[in-house]
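What follows is a set of structures to go through.
Same chain, two partners: chain A is paired with chain B first, then with chain C.
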Partner chain A sequence: MVRKLIKYDFIPLLRLLLPAYLVLFGVALINRLIQLFELVEDSSDSFSMIYEMLFSSSIVLYCLGIAVCTVMTLIVCAIRFYQALYSNEGYLNNTLPVTPSQHIFAKLLSSLIFCAFSIVTIFLSFVVLTFGELNIEIFKAIGYLLNRAIVADAANTFMFIIEITITIIFGYISMLLLLFTCVSIGQLANKRKILLSVGVFFGIYTIGQFAATALFIGLAISGYAVHEWIENNPAQFFHCFFVLLFTAEIIVSFTGYFLSKYLLTKKLNLA
Partner chain B sequence: MKRFIKTTALAITAVIATVTLSSCTHLEELKETTGVYTDSTHEEVIFRNERYKRIVPEDDYQLIYKYNSYDYYYPTSGYLRDADVPILLSEQFGKRIGFLESKDNKKENPVLIMAYPDSYYMLYDYGDSLRDNDYDDTTSFYVKEDKYDDYKKALLEGDLGHYYTLTKVSMTDATGFKYTDTVETLIPEKYTDIINRTLKNDDILKDVYNDMFTNTLTLTCCDENMLIQSDYTVEISKYNGEYYIQKYDRYDDSPYNIRLHKVTESDKAEISQMFSEYYLDDYDTDYNY
Partner chain C sequence: MNELLRCEGLTKRYGGVLALNNLNLIIEPGKIIGLLGPNGAGKTTLIKLICGILMPSSGRILIDGNIPSAETKSIVSYLPDVNYLNRWMTVEQIINMFSDFYSDFRPQLAYSMIQNLGINKTSRLSVLSKGNKEKVCLILTMSRGAKLYVLDEPIAGVDPATRDYIISTIINNYNKEASVLISTHLIADIESVLDEVIFIKNGTVVLHNTVDGLREQHGMSVDELFREVFKW
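Let's look at the complex of A and B:
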């Protein structure tokens, strides 16, 4: 049943997100075509100014495109969660022989798939942007740096790769579950549900920022011994950092999951 | 049929796009300024598809070179990297180099002209790379393979009884910009003989004090092909209508070791002629000893 839920979530998400991904590809391709007119040695000042303007603008557009692609994926997934469970469509979905956990799990899984799609899209758009020999050289450079890191300290390098991967995956999971929670809290209101959801999100986000800032300030004023330890053991410090981050993500994920499940089970408001 | 034409047109467009989209100016610029070591000994380098061999000047001899300081059209520095280092990381893991000019001392081209990048270049690398600083490393030079034997021979057997001085010359760079530069010019044989003869005589000026000479022509000892030079400098100075020549090691000799040999009456006219031909009021640019 969960598989069917994912399948029926897939098509609306694809319909909404595919244009954004295609636009990103388009911007990358336009930028690559602009690069064909890259400065030659005897080009005139006016031509070089026009080229610089076009190139800079297209690069800014591309960066914006990446940001939009990433954020849009998360927002569209949250909107899809709301539409599927708390809007008119919710009347049907909540009567299906599926537990709230399964609903949340299905939405989470389909959202994660599209988050992965967005990452792949950004990667492929970068390949388009740097298509040619430059692309090959970039990957050669990355491979060389990675090789040097492994040769210098294989254990720490592999641990960092694993930690970063896990952090990114659980980062997406925690963000999605947080968004689901905000949507679930928002649906409690009779009017302006989306506004409440947005407000809750910003509230939670602000509290998170305060907590992180307090932590960093605490670290900054922690004293000479701590600073010395960080300076002498940078790898261990970053391992601790990632573990802490992962722990925070787990806490947010579980809290979000259980809260969403509770609200979906006990406080469903389809009015 | 329509579908076939459409597919073919798309395929051709894709191929053309692939070819045209493959260029990158930044990468081409890097290739122009980056050389690759042929092996781990770093004795040979491939730069712009030409082989360069390492040459180490003797302690007392230096290669004659100068920076391409006025012709900004062409790059003046780059990097040398090992073959396994990607070209994009040349700056981070390569060794910094400068592109120098040296003189093509053929008789029909006695004056140095700002060289184009495809002509006669030497490379040198600094001792402090951006990786780990190797404080035991020294500056080294790489000479084009076809000129290597000339330099090697000059270092081993070169007769440094010739002299060069700096003369002004008008240059035009690749963009058409005109400027004045100083170039190394070999002193003709007749003057060289007079200088060498004068330095052997015993007519030494006794009372020497600071600022007594109003005009001084400075020469540097070099080989006949102007490939290498020594630490010795020769100065021809004018005082009270007479000419005096001294030779000293510009790094070792103190002011108290000056021996000013007086030019004989028979050679005075020639030296006066030489002075008027080569004396410069000021120097326009840097040159390297």
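Let's look at the complex of A and C:
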């Protein structure tokens, strides 16, 4: 059933997100084409000014495109969760012979697929942007740095790669489940459901930021022990940091899942 | 007694508002039942509880012996009083979706009814008229071989010709071993097809009887009796 739910989630998500991904590609391509008209030494001042303006504009647009692509994927996934389960479409989806858990898993998996698409799109657009010799140089440099890290300390390098990958994946999972929870809380209202969802999200996000800031300030002023730990064994410190981050993401994910499931099962409030 | 639906002491509160108050009800299979009552009587709340999209505050509801769950949703075919169709889908895609999720769905029946209406199966649901969207929803509901059909205001807000189409679609296509629960205000239009009626008032069943029994007992039509029971 989850596979079937994903199938019917995939098309609306693709319809909403594909244009954003194509725009990012387009901006990267335009930027690469502008680079083909790179200034030669005897360029006139007016040509130089126009070129610089176009080049910097397209780079700014590209950076904005990356931000929009990442954030928009998450927002669209949250909107689709709301539309499918809490708007009029909910009358169809909530009467399908599937459990609330299957709905949440399906929405989570289809959203994760599109988050992965957004990362791949950003990477490929970067390849387009730097296509040619620059591209080769960048990948050579990354390969060189990775190789040096492996030669210096292979075990820790691989551990860090695994930890960063897991943290990113669970970062997306926890963020999506947090968004689903906020949408599920928002639908409890009889009016302005989306506004309440957004308010709840920013409330929780702000509390999370305060907690993280308090933790780091606590570490910074904890005195000599932490500083000595970082100096004597930086790898061990950062492994612990990733474990802590990962644990926090797991806690947010489980809380988000159980809260969303509870609200979808017991507190469904279709208009 | 063969029970398809049983409600025991069913109560539903929305904050301080009591929508259903200790409602008791038994529905047997093979019947077409009118769920009748004025606005705010609790008809839609009862229907939502049967379909598993609301949880009771107290009491219990059993459908074919089971509390509302994914299992009961596979035997209940529900037509809500809102348009639930995904705008981006085509008629064919929504039929495929029903085929994918409901093992009792009869796609050939759905396609033949769609064809009879002159609707192109490749049409997007967003371009269909309001009337045709309602007909597509009804076709999807009635193309299932469910044990219980629950139709919330299926003939409200449509012209008399469409009303006739809807009623004939219900009568000609439901699974004969199943029961059909129809909530409506337009009693005169469906009275002739009903086997039983349930009058619901202030969240409680005030009358549940066969149509013939009511006519015999009160010497008036169901429509006349409704006006008598619910007069201000």
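To be clear about the criterion, the second predicted complex is superposed on the first by the 271 of 271 C-alpha atoms of A that agree within 3 Å, B and C clash if a C-alpha of one lies under 4 Å from a C-alpha of the other, contacts with A are read in each partner's own complex, and residues count from 1 in each chain.
One rule holds in what follows: contacts are C-beta pairs under 8 Å (C-beta built on N, C-alpha and C of every residue); 3 or more make two chains touch, one makes a residue touch a chain.
Values in this document were obtained by computation on a predicted structure and should not be read as measured data.
After overlaying the two complexes on the shared chain, residue contacts for A:4 are found with chain C alone; chain B is out of touch. Judged by the touch definition given at the top, the superposed model places A:97 against chain C, while chain B stays out of reach. Residue contacts after overlaying the shared chain place A:123 against neither chain B nor chain C. In the overlay built on the shared chain, the residue A:15 is in contact with chain C alone; chain B does not reach it.
When the shared chain is aligned, chain C comes close enough to touch A:268, but chain B does not.
Counting the residues of chain A that each partner touches, chain B and chain C differ, and the larger count belongs to C.
By the touch criterion stated above, A:224 is placed in contact with neither chain B nor chain C.
In the superposed model, A:36 makes contact with chain B only, not with chain C. When the two complexes are overlaid on their common chain A, residue A:89 makes contact with chain C while staying clear of chain B. Residues of chain C touching chain A in their complex: 48, 51-55, 69-71, 73-74, 76, 78, 80, 82-86, 88, 97, 100-102. For chain A in complex with chain B, the touching residues are 32-33, 35-36, 38-41, 130-134, 137-138, 140-141, 143-145. Interface of chain A with chain C (complex): residues 1, 4, 7-8, 11-12, 15, 88-92, 94-99, 102, 265-268, 270-271. By the touch criterion stated above, chain B contacts chain A in their complex at residues 18, 20-27, 73, 84-89.
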